[in-house]
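Report on one structure; see the data block that follows.
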């Protein structure tokens, strides 16, 4: 019973993390059909930015609660700038090229940004643990849960609800839905696809940076944190269905719970459980759980 | 089949072999690794022509390498020819088995599934302490039909061995590209349904391509294991696959020769970046990749074509 | 003479939508059959079922006495039923010659993959076949042009020529003249039909233009709401009141009527 | 066919031109009789750069600068190596084994270095060792921990003055049992790769020899660089273990410590972290008081208070603003060991420049003063160093706002290392016979 409860809470906490890193990736893929390897860089920049913000903020002894907000704001500002530069400076030149070529472009960007991180922040590691310590913990039976994890789950859930609301009920969201559904029609209806692309990419970059900022208090921010995230986010998105927001949510939950179950019940398979889940889902649902192949008309 | 291309290929091959005697050993070793990797890239070119780009080709590369390492360590096999054939064969079998699944997938889904498969092998290898876990283990220098060189002689022997394997592979793949199955790559990329309606199974054509590409990757891995003298699970990590795709894009799918040129240029650029910009080699590689995609969309192979087109006396290509 | 192609009780449903139902007919060898009907009447579904692109929900299809129901399209092609497409399906990044070589090479293959990996796609016998075929379909002038840059009519011809490369006994043409200007339509059909006649191919073609149907078909099938509502010579079928009301438009008077209202 | 041939010819020519260019751009430098050329290889990019690569490089930088100026305290106050100034070439250790081996060959054959000091990753150490033997290139491995290097085969040109990882875990077990005599249940969380697997195996082996009644409860092996340990911490919270062993380092260690701090794991069990010294400064009060801290030897705050150590800490801190951590020590002691061997060989030749084979002969079985302790190349046929190792208990000093290590226990080299001719795993399994702990 205790184990089941622990699996559930750990799985949820991990899923919250996965959803946060996957949601921006799936949004960009859905709208632009770009599998963005540089998403890992957004995550890393977000985390580094948050650490920088924590440094600036807490060194001045300002009230604890505000620091978290400042971290998130700074990280998202970095995401905005980075997204804008990449979309306008690089990606727009390869629109219309093969999907896989565009993946390689983002891979190149990722390689470059890895060294830009060294250039800006140096090779040493950073920490931004203050918000997590400030949040404290709560005891439930034998288990002790971190309030910060609970907060992350809440924020992720909020993000999912917000995304649902924004796509369904805002003008821009409905516009996106049209573009995701059928690009040609969208252009025919006079939607400015260029603007939609730029805005979407920036939102995706900001979401990636947000994911980094949210994780920053829990982790040591070192070189290479982006690499780990990319493949995880890929796995989540592949399981859920590329380009689907609800897919990212369900994918994150499945992967999160499976991993937590593996840690508690069969630690020896933890290393590849995520890929096994991904391969298994792809075998039975080649396009993930929430998207279908569109049959070609002949 | 003794065409002019093959003749020139043979001359180049001999030239490359002879040049080896005049190059410093470190450059010979660099060329050896570049050409071993070129075989993996050649396999990727086969797939790329059909519109398929796997992010998990390292699975077969690693299978080939570990086959060699395990045979050498546990079965005491030391003959390079036996090891090579075993490496290619095992990788080919792995490709044949995974092919039943992979051949049904396209585009990004194909890339992702192949990535997942190679990462599962990575996980298994890391978990297996008897295989040295992440540290991997060493491979003793191979013998060549009883000839057991040391030092620089070993370097040259390996170089020649790799060159011969490359030449044979280039010849075979050259024939394959001109064959019906090989030439159907572009039709498959362009319009799969049409190919099916012409009366041939696209899935099985792709399956065959996967097996050929997997075997080549295995042969490349086997050669790499003998050349480096060490294998480790990183050979199956997704960044290794990413590196091969990188070289493929750099090379372009234009010709068999592109694989070798691309791989060579990549290895030189990488080594150059390590020596000159030790802290920023990733950025250098990223910029090279980006510039290639933006300004050389057909890869390095297209440079030669462009150059030739400028010459007035050649027949213009019908349209572009 | 027995039927080369016979279908009975053919039905296809997509969920609750019935795309085809209760289709039974025989087609004798070397007949040229026109298929008419409004969009959504089930014509393309019918063609797709015969060529294996769709599996019928019910019913059977026999070709030369063999049951081919539900076989994959490539097997059906290998047995001798080819098709062309409403939107020409060619390989845009290859030249006309290479398009034809691909089609011919596949057709001449023995279906074994090892031999496909060994035979050259530009073998002399293949090139010879291709040269004959492009002459026959009058596209030889475009031999080295990339398919992506071909004019619409030539692309249609290429599509059909590729379908014929396999020396089929039955050929299904799905709207061979769609997207072609009125002036060019007859010319195109003349080229195609004479080429097909020269090879004794049984033809089934879907067409909206009643003049074309009238001119080229020996027999006309009229589709409505997923089933055949009339089957006979062009005169018989097109003369039926129900066909005129539902498909061709009541006003249409042969032989010099207006173009199909559905075009 | 023709196009193909011409293309191939042209591309071939182009490639050769580029190759020639690359060769020319990194010219083979003329051997200067007045200097010694040293290749340094360590991580300059990727996750291992921050914790190991860069501190290692920094350690080399200040030490070599001081050596060239003759400013290192006695007995190392001679200039460079035997009067010859040291030139360095630094290479990134990142990339595949193929890259690492290629770059190793480049250093030896293209750049003609006299010796190489480097390698953090055990996999890389294993990969370059046979190449070093083949090229007869003197190589001092500085930070990798696997005992396999000298256990698989005797080596001639490869040395490692830094003790291997076995002693970290054997000494850890001895310290735990000295401080907590009644351990009955313990768990481990280690990274799922060779380092973590080996560390845990050695620790469990030593524990079962020293405290046969203590039982293992949870054995957790999260992925390397996982960063998220929620599920692992939950599992541990449900365990009644008194001690938690971990060989996590830097990024992973810090992430784990932050996350466990938020959930109070440290209040339930004593954390034993074999490498925590290198992260101590950054972690501050997040490390629970009473945790057991190791430094992979007598390094950093666990080093002996010698003149040499005081000097090293001072110049390092002056230059980089933080005290040196154990990777800096490992690098510095590797270079100092090389210097000791070099000068011993030179002395035998009346201070003429020794050949590599002479240095190798002098290096074998060498004993020398390093920064934190004395190192003896006593095992691995005289190629593998052993040294005293210290463990201590963490205590956060609120006044100074920094951590301290108290209750330090020093274990002699022979207490935590196997004798010369026994391999580490067998030694532990066989009950650690021949250990001298007095």
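Letters A, B, C and D name the chains as they come in the text, with residue numbers starting at 1 for each one.
Keep in mind that, in the parts below, a contact is a pair of C-beta atoms (placed from the backbone, for glycine too) under 8 Å apart; a residue touches a chain by one contact, two chains touch by 3 or more.
Quantities reported herein were computed from a predicted structural model and do not represent experimental measurements.
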item: Chain connectivity with chain A absent, coordinates unchanged; value: one piece
item: Highest C-beta pair count, chain pair; value: B-D
item: Central chain of the complex, centres being mean CA coordinates; value: B
item: Maximum centroid distance from chain B, chain identifier (CA atoms); value: C
item: Geometric centre distance via CA averages, chain D-chain A, whole Å; value: 35
item: CA centroid of chain B to CA centroid of chain C, Å; value: 43
item: Chain C and chain D: spacing of chain centres that average the CA atoms, whole Å; value: 74
item: Rounded Å distance between chain A and chain C, as computed from the means of their C-alpha atoms; value: 50
item: Two or more partner chains touched - positions in chain D; value: 44-45, 192
item: Touching two or more other chains - residue numbers and ranges from chain B; value: 126-127, 193, 279, 282
item: Per-residue overlap in chain A, given as positions that touch at least 2 other chains; value: 114-115, 118, 268, 271, 298
item: Touching residues on chain D, where the partner in the complex is chain A; value: 44-47, 49-51, 53-54, 192, 219-223, 225-228, 230-232, 234-235, 237-238, 250-255, 258-259, 261-265, 282, 286
item: Of chain B, residues touching chain D in the complex; value: 3-5, 7-9, 12, 15-16, 19, 24-27, 29-31, 33, 37, 126-127, 129, 132-138, 140-141, 150-151, 154, 174, 224, 227-232, 234-235, 240, 243, 254-258, 261, 264-265, 267-268, 270-272, 274-276, 278-279, 281-282, 300-301, 303-305, 307-308
item: List of chain A residues in touch with chain D within their complex; value: 2-3, 6-7, 9-11, 13-14, 17, 114-115, 118, 123-125, 127, 129, 132-133, 135-137, 142-149, 215, 217-220, 222-225, 228, 259-260, 263-264, 267-268, 270-271
item: Of all residues in chain C, those that touch chain B in their complex; value: 51, 53, 72-75, 77-78, 82-83, 85, 89-95, 98-99, 101-103, 105-107, 109, 111, 113, 116-122, 144-146, 149, 162-163, 165-166
item: Chain B partner contacts - residues on chain A that touch it in the complex; value: 35, 90, 93-94, 97-101, 103-105, 107-112, 114-116, 118-119, 227, 231, 234-235, 238, 242, 268, 271-272, 275-276, 278-279, 282-283, 286-287, 296, 298
